[in-house]
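Scrolling down, you'll hit the structures one after another.
Look at the two complexes coming up: chain A is in both, with chain B in one and chain C in the other.
Showing the complex of A and B:
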């Protein structure tokens, strides 16, 4: 039987980070993954991540995946694919099925990083073809290049729902609606706003009643629910859709932790049954760790840090790292993890009733929470919106919720944008700094919430620059429709410039020439 | 003994619901009504329902339906879902062919 210092189960962001960390201290490490490709969910994540530079913010998930694989290769981490771990036995032995054969391996430490699977919600017709998990839709689009359907109902307005919804639009599907049983949008407001300004309606306090169709989905009936989640008779709406995407949450795949006799807890905030872990991710079974979504549903960014902490801990426990270095590195990673868990969507606040203002005392936009977009009259409340009518080019930062994210402040070489104090604070625009209109702030924002507005473009006309991630890119000089934040069509406009460069990482900046009084209204473009 | 006590406690009569034909365990095609009825037949834990009906014994090994089954049992027993005893998790945690299992050399 082959022995290793460390066996990692799962080659996703958490597992790879743990393996890289341990290998960097000299440990012989093997990673098992049941999939034919490593990277877990990272290669499906075509959007830019939030956070700070150390969290690899404003980088797209799949690029982070490539970097992790490269690092793992450089560190000599052995990654065994299509290798399904069947169980963990006493003495830290694992059985692995590969090529139709069961092999056994032993290690001094085991890190479980098996991730999560999608939760489902049963309703009449939910077993019809066309009802799919949002994660499955993402796999089809972003890994296999398949369009899951044409007209989609997204069930669930959490980050998975709104992020995948936007990617479905990028793939050419039409999102007929996003619904959620809760009375407010569950995901980041900026993600919801990207959909709303494309004209996607949000139906909050709505649930799905039925998928229509005989052999596949031919429609969906949604119904309004009251505050006790009971359907209100007579409030049914029928939507013409061929696909129903379910994004109602994830559930940790913690079976292996249970085969290792780890103490478990049913923790709704963590998504279900998870092992009880200490601050290093170690379970009640000494030497067995659980990191990433299997230990509690969070984001890939925090999964990577959890992986690093466990990697540091096993290195220290086996003498590959001295105590001083161990303490230093753990402290550093835990600071970084704490940052990511701050804010109104953070760890502790999950399920918090109904916040009315940000930590700094700015009022939260009700329309953003209830309809998915900011109302124009709410804009002046925020420190990123300092634009005065008639001004020359300026950034308008429509960032209104406490999200741990700050790439915008490094984007402007002149220091126009600052996120002072906590990373969750709202970015503020310094009016005294002259804007060159370079647009680096626009493309740096993972939430696509920064726009450039110029009221001096031409007499009676303003320039509005927006981040644009649809293909094909409109040609300069072409015409199309200008839409406001709610997706309402304002009228025809001309695209004056389309900027794209390598540093923008596929996010183009599209500048439209709009009538002067639309400069604070136009936020989206629809080509003919 | 406490388990047996639980099983024999008096319950109100089983009342069919309009959506009882809803499939809950997709792999084994077990309906909501079957699971609800199982509770009235004396099953009160995930393991019991699993062995009684095969819910959660199919290809996905309960990855999709476990929490749905748990909620239904909890609803019938009138307890929070977290209090329903969850089913065991044993090797192999993924479906495996008998021939592969039979050829498992174990400790070599």
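Showing the complex of A and C:
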């Protein structure tokens, strides 16, 4: 039986981060993963991540995945793929199946980083081909380059639903609707707004009643629900779709922690059954840790930090790291983790309350929560929207919820945008600072919520610049339709400039010439 | 169904184009991609029929968890096609319960 200082189970963001951290202190580490490729779900994440610089914000998930693999290789972390861990037994013995053969390994420490599985919602016809999980959609389109369908119904408006919905549109699919049983959008408002301004309708307080079709999906019936989640008869609506994508949450895959006799708890805030862990991620079974989604559903950025903390802790416990360094590093990682867990979508707040204002006291947009976009008259409520006529080019930051994110602040070299105090505070635009119109704030915002407006472009006309991530890129001088935040067509406009460069990382900036009074209306472009 | 021009992902790593057999027909796919992807690219949605009610099933989770996409591959049944790489001349058959069509009809 082969023995290791540390066995990590799962080569996703949490597991790889833990392994890299431990290996960097000199520990011999092996990582087991049942998949043919390492990286967990990171390689399916093609959007820019939130957070701050230290959380690798504004980088796309798959690039972070590549960096992690490169670091793991450099640190000499051994990764064994297509290796399914069957159980953890007394004395920290791990049994692993490879090629139909079971092998046994022993370790002084084990870090469980098995992630999560998708929750499902059963309904009539839910087993029909064409009903798929949101993860399946990501796997098909972002890994294998295949459209999951042509016309899609997205069930669930949490971050997975709205992020995958946008990715489906980038892959060339049409989203017929996003529905959610809850009365408000569950994910970040900025993610919902990206879909709404492309014309995707949000049906809140709606659930799916039936998938239509004999051998595969040919349509879907949705129905409105009342405040007790009961379907309201007569409120059915039939949608013409060939694909129904389910994004109703994740549950921790904590079975291995149970086999290791860890004390477990059912914790709704963490997404289900999880092991009870201390501040370092250690379970009640000494030397066995749980990090990432398996310890409570969050996202990849916090999973990576949890992995690092556990990696530091095992290194210290085995004498690879002295106590002073251990204390310093843990404190630093925990500060970083705490930042990500702040705000109205944070760890503790999740689904627990229905705030009406931000932590700073700005009113939250009801239209954003109920329809997925900001109403124009609400804009003036926010510190990022300080647009006055005749000022020339200015950034308009339509960021209205407490989200842990601040790349916009770093993007502006002139200090026009600041996120003061907590990382979750709303960005504020300083009217006194001149804007050069470079657009770096526009492309650095992971929520695509920053626009440039120039009302001095030409007499009677304004320039509106938007982030654009669709293919093909419109040509300069081409015409198309200008859409407002709700996806309503305002009229024909000309694309005057298209900016793209390496540092913008595939987010282009499209500038449209629009009639002057549309400058605070136009937020989306649809090519002919 | 193949994405030709993606705004973010400039190229999807693919093996060489190979032929394989699906229920007696010759189809084309990329070597090494999951069998289920090659089938879907050819418009195949139904992978198997359940044993008791004969209900159709297809790809559901696409990561090897749910087993809805199981088919008969090179004569072996219950193969999860979403995580099994495609090889040249592979023989893929729709699964009825745990059997292929011919075996079902002979019962």
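By definition in this document, the second predicted complex is superposed on the first by the 528 of 528 C-alpha atoms of A that agree within 3 Å, B and C clash if a C-alpha of one lies under 4 Å from a C-alpha of the other, contacts with A are read in each partner's own complex, and residues count from 1 in each chain.
The criterion applied here is as follows: contacts are C-beta pairs under 8 Å (C-beta built on N, C-alpha and C of every residue); 3 or more make two chains touch, one makes a residue touch a chain.
Source: prediction; values computed, not measured.
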Which superposed partner A:60 touches (first chain B, second chain C, both, neither): second
First (chain B), second (chain C), both or neither touched by A:117: both
Which superposed partner A:504 touches (first chain B, second chain C, both, neither): neither
Chain B versus chain C as contact partner of A:231, first or second or both or neither: neither
Partner chain(s) touched by A:127 [first = chain B, second = chain C, both, neither]: both
Touched partner set for A:142, first chain B, second chain C, both or neither: second
Chain B versus chain C as contact partner of A:276, first or second or both or neither: neither
Which superposed partner A:433 touches (first chain B, second chain C, both, neither): neither
Which of chain B and chain C A:87 touches, first, second, both or neither: first
Contacts on chain A seen with chain B and repeated with chain C across the two complexes: 34, 117-118, 127
Residue ranges of chain B in contact with chain A within the complex: 19, 22-24, 26, 32, 61, 63-68, 81-82, 86, 88-94, 96-97, 99-101, 103-108
Contact footprint of chain B on chain A as seen in their complex: 1, 34, 84-89, 95, 97, 100-104, 117-120, 122-124, 126-127, 251, 253-256, 258-259, 264, 266, 268, 272-273
Interface residues, chain C side, partner chain A - complex: 1-3, 5-9, 12, 14, 33-34, 37, 40-41, 45-47, 55-65, 68, 82-83, 85
For the chain A and chain C complex, residues of the former touching the latter: 34-36, 46, 60, 62, 117-118, 127-133, 135-136, 139-147, 170-172, 215-216, 469-473, 506
